[in-house]
Structures are given as C-alpha cells and as structure tokens.
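The first chain written gets the first letter, and so on, giving A, B, C, D, E and F; residue counts start at 1 in each chain.
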Amino acid sequence: MKEGIFFGEGMKFVKDDYPDIYDAVVGLNKAAYTGKVLDYKTQKLIAIGIVAATGDETATEKQMRSGMNELNITKEEIVDALRVVLLTSGMPAFTKAMRLVSKL
Amino acid sequence: MKEGIFFGEGMKFVKDDYPDIYDAVVGLNKAAYTGKVLDYKTQKLIAIGIVAATGDETATEKQMRSGMNELNITKEEIVDALRVVLLTSGMPAFTKAMRLVSKL
Amino acid sequence: MKEGIFFGEGMKFVKDDYPDIYDAVVGLNKAAYTGKVLDYKTQKLIAIGIVAATGDETATEKQMRSGMNELNITKEEIVDALRVVLLTSGMPAFTKAMRLVSKL
Amino acid sequence: MKEGIFFGEGMKFVKDDYPDIYDAVVGLNKAAYTGKVLDYKTQKLIAIGIVAATGDETATEKQMRSGMNELNITKEEIVDALRVVLLTSGMPAFTKAMRLVSKL
Amino acid sequence: MKEGIFFGEGMKFVKDDYPDIYDAVVGLNKAAYTGKVLDYKTQKLIAIGIVAATGDETATEKQMRSGMNELNITKEEIVDALRVVLLTSGMPAFTKAMRLVSKL
Amino acid sequence: MKEGIFFGEGMKFVKDDYPDIYDAVVGLNKAAYTGKVLDYKTQKLIAIGIVAATGDETATEKQMRSGMNELNITKEEIVDALRVVLLTSGMPAFTKAMRLVSKL
C-alpha cells in the first residue's frame, strides 16, 4: 500500500507518540501519490530519481525496494531513472545509486 | 530533439569554444535519455522532478518548457510530478515550482 | 495566521486548482507549527535558519517577512539565527541572508 | 561549554596539527553562539533544524546529543524543531531525524 | 586583498552593525586562504568549483570576478574548474556557470 | 589512470551491464580531466573540495585516496583544500572531511 513508502522505523515512532504529525504525513503521502494523470509507478520512479539525486543512500535504497516490492518496478526501469540522475546530478550520486542497484 | 534539453545559452558557448566538452555532453545526454525500458517522456518527468527538488528555478522552468514543447507533457502531468517533490523535498521547492507551472 | 507562511503565489494556484493538495498542505502546516513545547516564534526562527542555510533567497525573504509581520520577530533575532547559518552552512549562505536583512 | 559543539574527532586533529584553523573555528563558534537577543538554547535548536534538514545523520545526532547534554534540551523540543524540518525539507530528512530521536 | 572575497553588500552591513561577527569572519577568511602548501590561486579555483557546484549564481559570479580581478585567473582556468563541476555535479550547475563565464 | 576516479563498485556493474552508459561516462571523465591550462592535480583538488563540501563521506574518501595514490597529493594539500570548504560550506562538512584526513 502507498502508505508504506517512507514508513520505516522513524515513522513507527511518529505514529505511536505523535499522532497529529502522523495524520498530516498520511494526508501528505496520499495527496502526493494520488496523481490525476500519472500513475503511481511513474510517480515512484520520480521519487527514486529525486532521492538518488540527493545522494542519500538509505532513502534511495528504501525507495528502490518499495518500488520493486509494491509495484514490480524492475532493475532496468530503475537504471533508466538513474540515467537521468547521472545527467542532472553528476557521478557521485549516480555511482552510489548504481552500486545499490547492483546489490538489489 | 533530445539534445535540446540543457542546451541553452551556456551550451552555445561550450559548443563554439570547447568542442571536446560539447561532444562529451552530447554523449552523456544521449546515454541519459536512451532508456532501455522507460520512454523519453517518463525520463523527462523524472528530470523535472529532480531539478524542481533542488529549488533551481531557471533549470526547472527550462525542463518544464522543453517537456511541454518536445513531448507534449501537460501541466497536469507536471503537477503530478511536483506532488512527489512536495513529499520528498518540502514546501519551498514545491511552491516555487508550482508558481512556475501557474505561469506556463 | 500560521497558514500564511508558505502561501504565496504558488499556493493560490494550488488552492484553486488542486484542493486535495491544498488540504494536505494545510494539514502539514498545522502539524508543523503546532509544537507541543516550543512556541511558534521559536519554530519560525528555526524555519528562517533552515531556508537561509539552503541559500534560497526567495524563500528566505518570505520567511523573514512573515516572521516580522506575524510574530514581531526583530532583525536582531533574525541575525542571531543567521549566526548559526554562518557556522553550519558557510559564508555564501550567510552573506546572502544578511544582505536580505539589511534591506528589510 | 559552547566550544564542544562541533568538536569531535575531526577537531581534535585540527587543534593539534592546525592551530591557525582551530583558532579561527573557536572565534567563529563564539561569534555564532553569542547571540545578542536569542539565548544559546534557541540557537542550538536552530542548529539542530539546519543539520537535520540537510539529512546528515552524523552531524544531526551530534547536535542533538550536545543539545541534550549541555542545555537540557528535551526530546519533545527536538521533535518540535523537526516538525519544521518536515515542512521545509520533506519526508526523507524528517524520518531520518525522527529515527535518531527515537533512539536517544 | 584576500578579505575582499565574500565581502559584498551583506558584509558591509555586518562590519558596521555586528563587529563581533565581522572579526570572526575575517579570522575565518584568513585561516581559509592561508594555505600551507597550496597557493591562494589554487584555493580560489577550488572556491569557484565549490560554489558553482551548488548552483548559486550570485556567489559563483562573485567568486569568478574576484578571482579574475585579484589573481588574474583566466576564463580558461575557470572553465577547467567547471569541467570538474560537470563531472561531479551535473548539467544544470555546469551550464549555469558556463553561461556566467561566457558573459565575463 | 584518470578513468579510475569514480570507478568503484558501482561502475564495474555499469561497465558490464550498461556499456552505453559506461562509454558516456568515460567520455565525460576524459573531457572533465583534460583541462587546457590547469593540470590534473589542480583539478583533482577541486574535485576533493566539491565532494567534501557536499558532506558525502564515501565520495570524499574515494577522491582523497585516488588523489593520494594517483597523483601524490599530500595530506597537507588536502587540508588546504578543506580550508576553503570550511569557509564556503560550514563546520559539519569541514569536520567530517578532516576526520577522514586524520585517518588516511
């Protein structure tokens, strides 16, 4: 389900102890992934591209895995998203993300 | 054509005075936008998301315009990409990009 | 009111055309600025520090102005926030923000 | 003491081998945290917000711990600072920082 | 003189109204640009690369101009620094900086 | 050789499975490090400064090591590059990189 995306360890803690933040995040997440014309899979590939471009390995791996598990996104599709990262964001972000892909 | 994407004022100068850089950029651009499974339009939407997430207005507008002109990407599709930016990158990046969309 | 913070030109467009995003943003904004122990003014100073640290002039000026208008935050208080920006984020971000302060 | 803030392993090396840099950093640190109107605790919360917004886990944890040890900043106050991070900087930075808080 | 580097409009205001910050910045600036083995010109080229990589046009132009005026850094040398920006930081940062160079 | 720079684990995978990307990266890398007037060592120091400024430890360490191995860049030269990082990018990036240097 879509709510699972960023909902790792940090969010479990939020849900238990900060229900007002949790509700806002659920609302945000729903608005984010309820595109009017783009499907969820395309939006997910955009999310993968954005987090990979920031060089954040933890978030990138989480996005890749949730995309593969929830949406059957393939490695090939992820690599095509990372091609764009190479162009827009340079080699360190790209190679870091490709190393993750090679281990998925 | 795909080569047009980042090829504004800065690249004209590169093409004339630094042909070795220009050739590398053309090769990079071609590899980036020749996805094996994703089509060019999906990759373009990923590029729009990435540059919008960085808060770079000039690059974001350029990407949006080239996407609309070259690929008939609609405002609605761009907004769906920016929904992901809101989630991953916060309000300042999102509102900046939405203001651009509202003026396209 | 707290809702006014990021709600410039871009958000007017969101409110009119994308009510589902607007509602999510209002919820997010409310959760963000309803601290349990910190008051709104302290949170606002944190927001000023964060956006100034990114070097985003438009967002920084907007935050500074809304802080001064809504919460009577003084220039002196903003400068004390920017001292932290100098330490954590370096000279370009700091001088850019100080130039904004000098013109408020 | 205020000098302790960023003064982990890296700074020990600086102090021993590069006294000119060390002196500049001490001066910088002092100017940064000697606010005219904001107290040190408020400035520290701003610092926590800024580093958490960049997604830098090591620096964020260090800032959180020094804030709790030196200034008796509570988890609740840190969470209120991170609410602002969620709004300004998005989910990956927020959840990463919340996971740190949950383990403090 | 080396003190001139970041010392634009924002710093004039700092010097007049916040002498304690000003002194810290002067100390920082001196420590930064008093390399033990690298000369000032090499350090300046590094500064140009770093600010160009962040995509900050204002700071990049200021660094380029001060490098050309103070140190007789040539356009050709700046372009060689920007080649590294292309590799490490991607096309938007690179083309933005190249456009600046083309107008110097 | 110059091709070795970013060519860690991630690139081995690229070379084997995505020869078109690999070729583009080799071309990019060659154009980046074939300065017309700056020598490779100066460009490498710029690369070290840029990646250290982003706070990316993995990439920074890789750049430092390749600079020391390929080009006999000394610790002292790296520290002089990091002085610029302190000025332009703040304490967290600087201390992180200095800790790396202290362990090289």
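General observations
Here, contacts are C-beta pairs under 8 Å (C-beta built on N, C-alpha and C of every residue); 3 or more make two chains touch, one makes a residue touch a chain.
Treat the numbers as computed from the prediction; the structure is a model and nothing was measured.
The chains in contact with chain D and with chain E alike are A, B, C, F. Ranking every chain by how far its Cα centroid lies from the centroid of chain E, the top place goes to A. In a homomeric contact, the two copies may use the same or different surfaces; for chain D and chain F, under half of the interface residue numbers are shared, pointing to different surfaces. Distance between Cα centroids is largest for the pairing of chain B with D.
In this assembly, the C-alpha centroid of chain B lies 35 Å from the C-alpha centroid of chain D.
Measuring from the averaged C-alpha position of chain B to that of chain F gives a distance of 26 Å. For chain D, residues that reach two or more other chains under the stated contact definition are 6, 21, 24-25, 28-29, 31-32, 34, 51, 54, 79, 83, 86-89, 91-92. Listed in rising order, the residues of chain C touching chain A in the complex are 20-21, 23-25, 27-28, 30-32, 34.
By the touch criterion stated above, chain A contacts chain E in their complex at residues 86-93.
The residues of chain E lying in touch with chain F in their complex are 6, 28-29, 31-38, 42-43, 45-47, 49-51, 53-54, 74, 76-77, 79-81, 83-89. Looking at the complex, you find that chain C touches chain E at residues 55, 79, 83, 86, 91-92, 94-99, 101-102. The touching residues of chain E, counted against chain C in their complex, run 6, 8-14, 18, 21, 24-25, 28-29, 51, 54, 56, 58-59.
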